[in-house]
Amino acid sequence: MPETDRPRTDRPLVISAPAPRTLDLIFTPDALERLHRRYRVIEADPENIAGLGSAVLSEARYIVGQPPLSADTLERMPRLRAVLNVESNLIDNMPYDVVFRRGIHVLTTGQVFAEPVAEMGLAMALNLARGIVDADVDFREGRERWGGEGNKSARLLSGSEIGIIGFGDLGKALNRVLSGFRAKIRVHDPWLPASVLLDAGVEPASLETVLAESDFLFVVAAVTSDNEGFLGAKAFAAMRPGAAFILLSRAGVVDFDALIAAVESGHIRAASDVFPEEPLPLGHPVRRLPGFLRSAHRAGALDIAFKRMGEMVLEDMELMDRSLPPMRCKRAERETVARMRSKPVTVN
Amino acid sequence: MPETDRPRTDRPLVISAPAPRTLDLIFTPDALERLHRRYRVIEADPENIAGLGSAVLSEARYIVGQPPLSADTLERMPRLRAVLNVESNLIDNMPYDVVFRRGIHVLTTGQVFAEPVAEMGLAMALNLARGIVDADVDFREGRERWGGEGNKSARLLSGSEIGIIGFGDLGKALNRVLSGFRAKIRVHDPWLPASVLLDAGVEPASLETVLAESDFLFVVAAVTSDNEGFLGAKAFAAMRPGAAFILLSRAGVVDFDALIAAVESGHIRAASDVFPEEPLPLGHPVRRLPGFLRSAHRAGALDIAFKRMGEMVLEDMELMDRSLPPMRCKRAERETVARMRSKPVTVN
Amino acid sequence: MPETDRPRTDRPLVISAPAPRTLDLIFTPDALERLHRRYRVIEADPENIAGLGSAVLSEARYIVGQPPLSADTLERMPRLRAVLNVESNLIDNMPYDVVFRRGIHVLTTGQVFAEPVAEMGLAMALNLARGIVDADVDFREGRERWGGEGNKSARLLSGSEIGIIGFGDLGKALNRVLSGFRAKIRVHDPWLPASVLLDAGVEPASLETVLAESDFLFVVAAVTSDNEGFLGAKAFAAMRPGAAFILLSRAGVVDFDALIAAVESGHIRAASDVFPEEPLPLGHPVRRLPGFLRSAHRAGALDIAFKRMGEMVLEDMELMDRSLPPMRCKRAERETVARMRSKPVTVN
Amino acid sequence: MPETDRPRTDRPLVISAPAPRTLDLIFTPDALERLHRRYRVIEADPENIAGLGSAVLSEARYIVGQPPLSADTLERMPRLRAVLNVESNLIDNMPYDVVFRRGIHVLTTGQVFAEPVAEMGLAMALNLARGIVDADVDFREGRERWGGEGNKSARLLSGSEIGIIGFGDLGKALNRVLSGFRAKIRVHDPWLPASVLLDAGVEPASLETVLAESDFLFVVAAVTSDNEGFLGAKAFAAMRPGAAFILLSRAGVVDFDALIAAVESGHIRAASDVFPEEPLPLGHPVRRLPGFLRSAHRAGALDIAFKRMGEMVLEDMELMDRSLPPMRCKRAERETVARMRSKPVTVN
């Protein structure tokens, strides 16, 4: 497309309000240059989009970010095609009924975290299976056990039974990194029909089944109004002795105290990237809980993931510029947008 | 095969000398029962096979273990079909020229370790890539860093460039567990032709290339008379800054002091399952070396692996009973048996 | 869900107008029973939905079929959640702007044909590569050539370069059945961003590249207002000598006379499942054209595919009954619905 | 290896007797140049190797071909390391006991045919499943049936149950090209232990099971003294009605008259690349048998396959030159060499 090679005076207008991200976080220098070459980018105060003035609002084609928008402000933006939410959790801060009625796409970019989180999830599973952290700490201290002596409770991921709760982008990425392990993978996702899971090569299963029949259980479901705290004492008790519970999405789906109790009792092992409070108070019991592997919400936040957000934004804006539907980002759904309860992040 | 369901008086004779393993270690109770139902098993002192007497020697079809055998003793064993080495490292303690001339198979079962070691290798790579051990230790101590702050040097395995040195059973198992990562995998193995590697979906490469072009480098080559200490200061200097070096086979292929220096300087990160001395002296510098992940020769020694040895032994003996070649264990090769230098283990 | 086990008096209302399909074609007996147990199904004349009366219209939740709908009729259907088009080509016979504004889903089930068509496409490629039809006909006639003599122009799919134009459900299914061939697969799809193709493991490419660099070229793009007849004499001339051109979607994307000329000249070989007129006139030159493999629009129309339509319909209606978005069928897109030009089928 | 770039006076000696192949058939011009640069190649009359004279015999390191060798002649060849059989069927024309005792490798290159034959086998399966040949012939004649009308007996390979008898190179290649079809694949191979099949991702099965439970049954077993004609009327009767029987190895494993009867009765469909006599008499009933797809021993004999033979030969000779074992060609086994009964080909 030769016309993209030079700045154009009639470039479509983009309102930039990506907080808590920044354009520099989500675009590589090259991508940022492409953004500016193709679009007129207006930096905006997310708390005052209305104040941008009608010359800007009436021309705006895209919003990068997720600023609060009133019905009035939307009314003043007749050319708006998409809100590109680069935070990735949806806040209920705009009249979504109006947005959907007008066919304005609400797009999220959280998919960029799927691959890094899946790798961390696999790492956690392997760490729990082989006791890697404690073995290294013991080795530092001179009390390591050699060979089979150190492997009394070690187990393989290959050939094991694995459960995944939630089969969005992250569940799919997990399934992919698990593909070399010849494991039996069962998935519970009440928002997906069985045949979609079968097509992905996994076995659809009830919550009861994935709890009771997994050696490794990955939780990647988003918090919704339906599932807050749905994994509690009863769920953990239903798990196999020695099974590994790996929490990768949001602490809100779990009764954290019950999880701690289940690990403390020795019934299961666990790893988590998310916690009820972040940062976590210094005296929190999970900090020194044996059988628990901790990650301070680091699973997804890799620079390469943020940079992919910018790529996704550019790719979908280019499709929409050609009056095609966006195919890269995930679209918020009219039916479920109001059910989402994940707290947006405040740090990147 | 109904005839195997009851003990037979004419059962083939097996000499059992599996030290340092034991039959109980390598056979499940079920497998052990099958062994005894099918074969007459004579427990022997490995140091005195000759003393078994001619009635036993003249009938022996298989030896399970790797006891020293003299030419004379072999001469007295006209029906010997195979020596099934369940330790897996080959010792030069029998006249291999005679053995091969007679078509006696020398079989090793080290293949059982490939899957557990590959999983540990992948875990090590992910741990080095994401700094999981130090992050957990920091979290315990209350000095964890949250989100992207803790990921300054984090990287993905997905889409990376990976090198593997050695493409025996372990290299192949590694390639398998890496199959979901869309990585570019290069293999250096001077004992295999390029087309075999291409058929396995990896790129054949020189040692120089895998050293210089890998983000993660796995060393799974056995020690031979050709490659002792072949990875030294020059090799480490040729690696990419920040690359991960993961040693899974034998310490003998590496100049360990040079490896420590390369990690200490911050040039590379490393993990190892094997060490120049095992157990390692308490004061050894690698014990507290930052950027180094330690495993006390635990990567392969899982109970499930030992039990698979017994299965392999039974499967191949059953083929050989039918005058078919063994297809499960690995056969020692006339050309290379004398080049092998791995020290056998003394503990399981 | 125990409540589904017995007929309910408050069952949601479904208007059935599946012509040219029938309910018996698309539902197995079991599925039909589930449909009736869960829903009140009103059979309707597709040409007179308006005549159903307000009692029906005001209650209707789903339409199975694609009958013409006026704005007035839609107005009388306040509870309509989805039009489930079981033919799969979209006709411009309803006010789509109203439909989309109201959030009524327009769903197509053509995905069921992807797998059968992909298998036929692969079969065509292998047939062209190995000359299977002519070889069998020759064998019947006693003029077969044995061994290498019969393989002068034979080639392998394994390791070849393959192009796919269009990467919807069918393109993805083709990519899947090709996964065992270690081929280099390039895809041209102007409606998809490059990164989506890269994630699927294929190489994004321009139309020029897939034409010029393919040994086998599969055309699975739907006809749109943009691409009618876009593959003509120039395109065929750009192809590699001896390459195979396999047409699986709609004849409308191809200049068929130019295709015939290109095959007649010996420059390329071709196979097609679709033709400019169906049925094709008896004297049409393609009927006896050497180097051309013919299939009378049979690639997709398998009974098993039709029956899967009914499953998809049931699965998505069940999600929508729970106020969740449909995840099984394909949704018509506001931006592209008007561009679609495929003629609906008149026979199943 | 710079030393290979120029002819050497001390090049190892190769005796060339590749009939019925020729060096030009199995080597590309480049490979032939490499052969001559690295080796001193002596063209020999296969029927008179003894006549080459002691200067040649005493120096010969390799024989390319499978000429008759007497014990005396072998005695005169003290440096012989390998007989590289480029025909690929083993003839009992040398004292194999002597050969094996001396550790001379007997290598076959039939593996080059695995990929082309597997592709042909898959093509045959798809052809039988979809009736492609008859549909094309009908189309030529103007009696084609359109859409579902033409698909009454059509079926999918995807999701089907598939049996493979024999899991050598060809069985493995078949398994690979079938990998995108989500089929359940069972394998019967009495020469392989169950765990080897499980590791390959297929299900080990008895002959009875693969006969009774397959929608598609591929026969790729070599003829041995144990299995001549083992698939007869009883086996075909045990197959599922409408199942497809695909014969790819040797006609000798099948009772061909019984196969014809089973197809004639309509019970099964079949395809074959091999026949009891080749060429087949003109009046043979299989020539016009409906439900039977014929290929005149063309499945493997592609030029690209022959050229790969030369590559394999060069790769393994290079390993053996370095005193390493050959890793590319297949080695004849002491236990089974005498059981092989495949007739060598007389045409390429």
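Per-chain numbering from 1; labels A, B, C and D assigned in written order.
We adopt the following convention: contacts are C-beta pairs under 8 Å (C-beta built on N, C-alpha and C of every residue); 3 or more make two chains touch, one makes a residue touch a chain.
Computed from a predicted structure; not experimentally measured.
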| query | What chains do chain A and chain B have as common neighbours? | reply | none
| note | Most remote chain w.r.t. Chain C, using mean C-alpha positions, is B
| remark: A-C, B-D or C-D checked against A-B; over half of contact pairs coincide for C-D
| query | Which integer distance in Å separates the CA centroid of chain C from that of chain D? | reply | 38
| message | Centroid from C-alpha atoms only, then distance chain A to chain C, rounded to Å. What do you get? | response | 33
| task | Calculate how many whole Å lie between the centre of chain B and the centre of chain C, each centre taken as the average of the chain's C-alpha atoms. | result | 50
| task | Would you pick out the residues of chain D that each touch at least 2 other chains? | result | none
| All chain pairs that touch each other | A-B, A-C, B-D, C-D
| note | Listed in rising order, chain A residues that touch chain B in their complex are 115-116, 119-120, 122-124, 126-127, 129-130, 132-133, 135-137, 139-140, 142, 144-151, 154-158, 176-181, 278-279, 282, 287-288, 293-298, 301-304, 306, 345, 347-348
| request: Would you tell me which residues of chain B are touching chain D in their complex? | output: 100-103, 191-196, 311-312, 315-316, 318-320, 323-325, 327-328, 333-336
